[in-house]
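Which chain is which? They are A, B, C and D, in the order written, and residues in each are numbered from 1.
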Amino acid sequence: MSIFIDETTKVLIQGITGKEGSFWTNHMIGCGTNVVAGVTPGKEGQQVEGRDVYHSVRRAVDKVEVEASMLFVPPRFTKDAVFEALDGGIKKIVTVADGIPLHDAVQIRKAAMSEGAMVIGGNTSGVISPGRAMMGFFPYWIERVYKQGRIGVMTRSGSLTNEVTAMVVKAGFGVSSLIGIGGDPVPGTRFAEMLPLYEADDQTDAVVIIGELGGTMEEECAEMKGLGIFTKPLVAFLGGRTAPEGKRMGHAGAIVSGGKGSVKDKIKAIESVGGKVAERPRFVGDYLKELLGDRVR
Amino acid sequence: MSIFIDETTKVLIQGITGKEGSFWTNHMIGCGTNVVAGVTPGKEGQQVEGRDVYHSVRRAVDKVEVEASMLFVPPRFTKDAVFEALDGGIKKIVTVADGIPLHDAVQIRKAAMSEGAMVIGGNTSGVISPGRAMMGFFPYWIERVYKQGRIGVMTRSGSLTNEVTAMVVKAGFGVSSLIGIGGDPVPGTRFAEMLPLYEADDQTDAVVIIGELGGTMEEECAEMKGLGIFTKPLVAFLGGRTAPEGKRMGHAGAIVSGGKGSVKDKIKAIESVGGKVAERPRFVGDYLKELLGDRVR
Amino acid sequence: MKLFEYQAKETFRKFGIETPAGVLIKNAEELSDAMAKTSFPIVLKSQLLMGGRGKKGLIRLVSDEAQARKECGELFDSEYNVRKILVEQAVDIKTELYLSITVDPVEAKHMIIACGDGGVEIETLAVESPERIIREYVDPDRGLMPFQIKNVGFSLGLEGDLLKKFSAVLANLYKAFVSSDAELIEINPLFITGDGNIIAGDGKLSIDDNSDFRQPSYGKTRDYYDSDAEYEASLEGIPYLQFDGDISLMCAGAGLTTTVYDLINYEGGTVANYLEFGGPNYKKAVRAMELCLKNDSKVILVVTFGTIARADVMAEGIVDAISRLKPDRPIVTCIRGTNEEDASRILKEAGLVPLYDTEEAVRKAVAIAKGEKP
Amino acid sequence: MKLFEYQAKETFRKFGIETPAGVLIKNAEELSDAMAKTSFPIVLKSQLLMGGRGKKGLIRLVSDEAQARKECGELFDSEYNVRKILVEQAVDIKTELYLSITVDPVEAKHMIIACGDGGVEIETLAVESPERIIREYVDPDRGLMPFQIKNVGFSLGLEGDLLKKFSAVLANLYKAFVSSDAELIEINPLFITGDGNIIAGDGKLSIDDNSDFRQPSYGKTRDYYDSDAEYEASLEGIPYLQFDGDISLMCAGAGLTTTVYDLINYEGGTVANYLEFGGPNYKKAVRAMELCLKNDSKVILVVTFGTIARADVMAEGIVDAISRLKPDRPIVTCIRGTNEEDASRILKEAGLVPLYDTEEAVRKAVAIAKGEKP
């Protein structure tokens, strides 16, 4: 399978009867996702897109095998919904909620870590393996962005991802699996934690990181590469190179303080282990060509 | 090594400068225990029995290698002391405190489980491998009870342990390791969780359980034996065979309700997997002779 | 410590759980006032800690004043120790549920137990129809999460407004459980009324004794105990159970005392009282013997095998108690453990015959109880 | 949301942490009353959110009334946006500590940071003397345990009564951190006074914006913002930063807007304002353009590449804004994403020239800003 999800992965939708939930359930199925059931408390017995709706995750997993859960749940109820998914034994969870309280996010990541699960998000578009499956909301019909191929993409952004990925496609490549870890200060999963999956994935030849100023996630990736845990070519694009110190520019997590989290530090870390850092989105495509040569794209 | 502790195990004493702590530290050393340091907040720089005292577990483990911790800490501070030991990376903890709040005990066991540690107690005399080491307070000088040998003993009681073990010794055997899991309703470690250690211990030929009415710990042992996880001879003595239903006789955990936890059920469970249940303390020795024959004692 | 129904219900109300309108009365005279504050039909509920009050006729539904006065008098004069009656407005019951929270010692979690069959004895149901019991385990560090409340509610078949109200009850009951350091908190039955309300019909609350220091004191009053002796023992912190046999136990260690109890039964003897003065009580020999002497027992049997509770201290205590209380019945002693040689000497000096084998001591006590000379 | 020192200190006091006696004044006239309630020496502390107030001369120690009046006037008239001054009793300081709590996104724990060097900038110390920084990680489910408080206290070299007082401060600060949904709570410096008390000398408290719904509202007032435009944008929920260059950004998506900001700098242009109206704000084109038009910028650059924020809706918004606001400066558009073909048509119909490549759009905007004809 591809990273995180492919067309066989059995996906549950929490909040399936809501406006967003039902709209994107339709699109996820359209993209190839194996949606097996949905959950909305109080709506058991209904169907959405031909899938049965259950009152709770526990009642759903009692009836249907589930491997991953997609949450369309308001931010203030996200912690409860994630814990409910974990309680149901689900180990892959994507939450797109934008506005999860910080202290909730800490508890979500804590719970995921202690239960050996992976929570992607919040504040993300989700996860997509173009042409195969997606959990989240991507305009997968825009071929110049979401073309199937052999480049892994990890990102903290939404629109910028479209911008950069379009350049990857323009350079003649396609995307194997794109993981949006989200723009929150405490994402459920960090870049570096995805790298071993990309390393093991025989459908991925190289990985592009779309990062930004603030935090230490890009440095952690460099460390993984330095340790030899990740050995494939790595290209990063980092927004905020010229951002003034101390201003909150970009996502909530994107603030440079006391010299830590600056793009300069990140560039140094990535280049020191043989990774490439593109100054402009366009250069990402150029570096991939340089690193992969005429390998099958 | 023997079960849980032997003369090489590096033991820390939390609450070492207290009256009980210092008195039994002296005896633990007398019994052969390798006491390496002690902790009492505010007393760093002092010594007890020639061992350095530190302010905190973290400061102790920074200086000295520690494998196990012995707590002489009042019941209401026990939760904090156990969590401190766990935080210090210590995986074997014995607490003798009698009167640990029930809800604290639940959190203690929960923490031990999630951190892969073993907490013995509370409300116990502790753990002893006669002639080698002890953590707790046993009158190890009474040879007709604490004689070194090859019988493992697990118990929920104090005085009754002396009574039963004296019978084991009287029958010509000795004790390899005696574990007092304690008489509280939620002990940190349960009988069944010790059985794999006794199974692996080449110094133990058979195990004696000193149980009582209430709870399901004896049934869990029977299950372990039924599953073949524990294969050595098993003899149980259970107090409360004639206890009237609904009365709290024995330890706090010892109440029979709704037919569950009765000694009758326990006897049935143990005998169904080939274990023996002694009606009187004296019979424990008889059964051991029967089961072990002329094996080296 | 087990609390009375009226106390459990006070706790429920404090945590926002509705109970029937009611008035607690301490004697038949107070009934008038209670009736003024309620309207018929009313329920007279004897406040006793024992189970099965309904079957024993200790709860009465009455529909007029004359009947109320008659039945109230009967209850206060009954063979049971009825010291308080809760006079409650009867409720228009549509269905009844069972709901409780306790701890699970294996999983190390809080355990919610619920069932659609209210009013049943849950232990009986656990044996007969275990599939009808709903369990939800709560991580003590995280606390009860909303999805878990919904899990219980949906399993009970609740929906809509009723689910909302039930969720509030369970959330509040959980708060009460944790805040009270409860061993058990139980609403059985939990009424669903004709007009769609949820009301606690009966309540059990048992507080962990080890958490006394952080709980409001309920005070140990005679009300909580079946006998004067049990009440007096509790004031001393001495575990004590009253029976009506011949042999008074005065032993140390919960397990050993229970074992001695068994051995007496095996040997054909009968027990007058279970008394355990080990652990922190091992210097309370005088008080312990006083309690034993209040019984019509024929012999006092002392069995100990102590570690910290030193044998010599025990022996001194016994000798001291004898010299102070001058007991009118023989005493059999079997005192072992730390410093047991000194103990033997002390006992002998006081004219006692120290034994060293528990079974021998038990046989001796049984023989004396049956008339043999000491 | 970052709070002012006086608000942080209000929170401290609410949670039982002592602060110096003080009075908040809003103008120089209120100083008399403040002086009546304190005694010299006093400290005049300008209430500003920026760091380094001391170095900028915005905190003044004064020892008599004349000096106080003079310096207070100077502060209110300074080049900074001083709208409130906290007049505080000076404290007899023996030593100073640093103490803060924040979250660690990697460990997913709360992180206590402490240091024996109070008053320093912790970020600077982290780079220069990392070994002097004490860290204690707290499991968010379990909360701060007493042993962890002691760990911090002993690491700071505290003992006896001082350790006890510090323990109370840290326990209370942790409660405040959790209860406030804080991103950061900081006491720097934490004074140890000559008479052995522990007092919060300065305070920072930053509340997580996502937790607004469960926090008391502090109200968005002009005080919190450096410029009118930033204040107005905040009322709309539009991320906005004021600069003084030529190009107004009106982009969607935090990452993309930041990237456009970079690209303008690479191309030799300058930015008048950072403005991001993606996500839930993508229909606020009119308000966004109004904000841009308040600047002296020479061109407005619109770059989007949206998914849910549909390109056609964006384009319609821009066209609508132009027809309403009749902007006096050229607008460069590069609108892509869902329904981008419709967007192009809409823009063209309104007489705009839709671009599809971000770099091209940036170059165009920079050229216009430098005088090229649109």
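The rule is short, and it goes like this: a contact is a pair of C-beta atoms (placed from the backbone, for glycine too) under 8 Å apart; a residue touches a chain by one contact, two chains touch by 3 or more.
This one's a predicted model, so the numbers in the text were calculated from it and none came from an experiment.
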| item | value |
| --- | --- |
| Chain B to chain D, fewest steps along touching chains | 1 |
| Most distant chain from chain B, judged by the mean position of its C-alpha atoms | D |
| Length of the line joining the C-alpha centres of chain B and chain C, rounded to whole Å | 28 |
| Geometric centre distance via CA averages, chain C-chain A, whole Å | 56 |
| Centre distance in Å when chain A and chain B are each reduced to the mean of their C-alpha atoms | 49 |
| Residues within chain D bordering two or more other chains | 139, 141-142 |
| Residues of chain B whose C-beta touches two or more other chains | 107 |
| Chain-level touch network, classified as line, ring, star, complete or other | other |
| Interchain contacts, given as pairs of chains that touch | A-C, A-D, B-C, B-D, C-D |
| Touching residues on chain B, where the partner in the complex is chain C | 75-76, 98-103, 106-107, 109-110, 113, 125, 137-139, 142, 155-163, 166, 183, 185-187, 190, 210, 212-213, 215-216, 220, 239-243, 246-254, 257-260, 279-282 |
| For the chain C and chain A complex, residues of the former touching the latter | 142, 145-148, 150-151, 154, 159-160, 163 |
| Residues of chain D defined as touching chain A within the complex | 51, 103, 105-106, 108-110, 121-124, 126-127, 139-141, 178, 181, 183, 208-211, 213-214, 239, 241, 252-259, 261-263, 265-266, 274, 278-280, 304-309, 336-338, 340, 358-359 |
| Residues of chain A touching chain C in the complex | 41-42, 44, 55-59, 77, 80-81, 83-84, 87, 107, 111 |
| Of chain C, residues touching chain D in the complex | 139, 141-142 |
